[in-house]
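Okay, so chain A shows up in both of these, paired with chain B first and chain C after.
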Partner chain A sequence: MNRDEMLKALTAMDFYAVDMALYLNTHPDDTEALARYNAIVNEANTLRQSYEQQYGPLYSFRSCSAAPWQWINDPWPWQAQFNFTLGGDDK
Partner chain B sequence: MWIYEKKLEYPIKIKNPNPRMAKYIISQYGGPDGELAASLRYLSQRFSMVTPQAQATLNDIGTEELAHLEMIGTMVKQLTEKASVEELERAGLGAYFTDHDRAVYPVSASGTPFTAAYLQSKGDPITDLYENMAAEQKARSTYEYLIQLADDPDVIDPLRFLREREVVHFQRFGEALRLVQDYLGDRKRVSMRMPDKKR
Partner chain C sequence: MKENVGMMAAGGTCIPLETPIENVRLAHAYVPWQLLCGTMPPIQSLKAGTIFPELTGHYGVW
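Coming up: the complex of A and B.
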């Protein structure tokens, strides 16, 4: 996977987790939803690790950095070149 | 505390500048039903909320609204950064340019600066949750009006995503309201909490 593909997959998994977490807040006894949540969090963490190894830290003060300090490297998320394009079936 | 994650919740990659849309979309940054008001509302209300479920709901939706604020700011930036001063002026952003150039500043579509009067933190959990459900509906309506004004899929896609989140948040606040009503033992008179004489 290239950077855009990895970022797209990670964005999708994290969104799944965000949405499931909100659901679990009001349905804490739904074990099936909880199992799905745990599975996607683990899957996303694996992908996040390989993304960070190749493209630098994603988290402020939770990610290690190669030297020199990688956090300040462009682009930032608000810049168009940071983002990937959703195409075809994703719309 | 918060940890910043260096990515957007949903990608924004706008190819064509459109200061006219920026002037409208900025209302969801600093306008009456915008994301800044939403995040401040929920993150402030959580301190007086009851039940673990409703507290978590306010905390986490308030946090997600910050990610939406970032998306809206990103849209305004990308829609204006390559526009000339003449294009900004023609789109009705001459006054905005005078005070802010192409910077992102929290105002409504009509230019009113952000005010905390857009939100309430009432201390009554039922009252606050009803306010939040109304706020999610007002934001959903605003996104629908913005989608009607837009003609570029690069702009419409993230607006549709944000609209859908308002629907989901409304649903979660409704569930939190039911849980809080059960907790307060006030199921028959859903709109009121009995006054507590001891306080």
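Coming up: the complex of A and C.
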């Protein structure tokens, strides 16, 4: 996967976890939902680690950094070139 | 405790909400209890704004 593909997959996995977490707030005893939540969180963490090793930190805190401090490198997350497109569906 | 898994209808279709809905009173709003059926793959979910296929397309957006 290239950088955009990794970032898109990571964003999608994080979104999946957020939405399943909302479901779990009202269904805390649903073991199947909890299993799907834990699986996607682990999968996303693995991919996030791989992304950060190749392309730098995704957080200004929480992420480890190579030396020198990597967070100040371009592009910044709020710049267009940092982000991926959803292939025509992100109008 | 509420049941959590969607009922399987004839033909193998999973119904993602409680059936039948009981104790609904006139002039009272009620939100049906959601039950877990299938979820969409992460990329498709991100585009739809939900991981639950039964929650897509309600406002003419997707």
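Criterion: the second predicted complex is superposed on the first by the 87 of 91 C-alpha atoms of A that agree within 3 Å, B and C clash if a C-alpha of one lies under 4 Å from a C-alpha of the other, contacts with A are read in each partner's own complex, and residues count from 1 in each chain.
Methods note: contacts are C-beta pairs under 8 Å (C-beta built on N, C-alpha and C of every residue); 3 or more make two chains touch, one makes a residue touch a chain.
Every value quoted in this text rests on a predicted model; they were computed, and no experiment measured them.
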First, second, both or neither for A:Phe15, with chain B first and chain C second: both
First, second, both or neither for A:Ile40, with chain B first and chain C second: second
Contacts of A:Phe61 with chain B and chain C, given as first, second, both or neither: first
Partner chain in contact with A:Asp29 - chain B first, chain C second, else both or neither: second
Partner chain in contact with A:Leu7 - chain B first, chain C second, else both or neither: first
First, second, both or neither for A:Trp78, with chain B first and chain C second: first
Doubly contacted chain A residues - partners chain C and chain B: 8, 11, 15, 19, 23, 26-27, 86
Chain A to chain B touching residues, read off their complex: 7-8, 10-11, 14-15, 18-19, 21-23, 25-28, 57-62, 71, 76-78, 80, 82-86, 91
Parts of chain C lying in touch with chain A, wherever the complex brings them together: 1-2, 4-5, 34, 36, 39, 41-43, 45-47, 50-52
Interface residues, chain B side, partner chain A - complex: 3-15, 53, 56-57, 60-61, 64, 70, 73-74, 77-78, 153, 157, 168-169, 172, 175-176, 179
Residue ranges of chain A touching chain C (in the complex, touch as defined): 8-9, 11-13, 15-16, 19-20, 23, 26-27, 29-30, 32-33, 36, 40, 86, 89
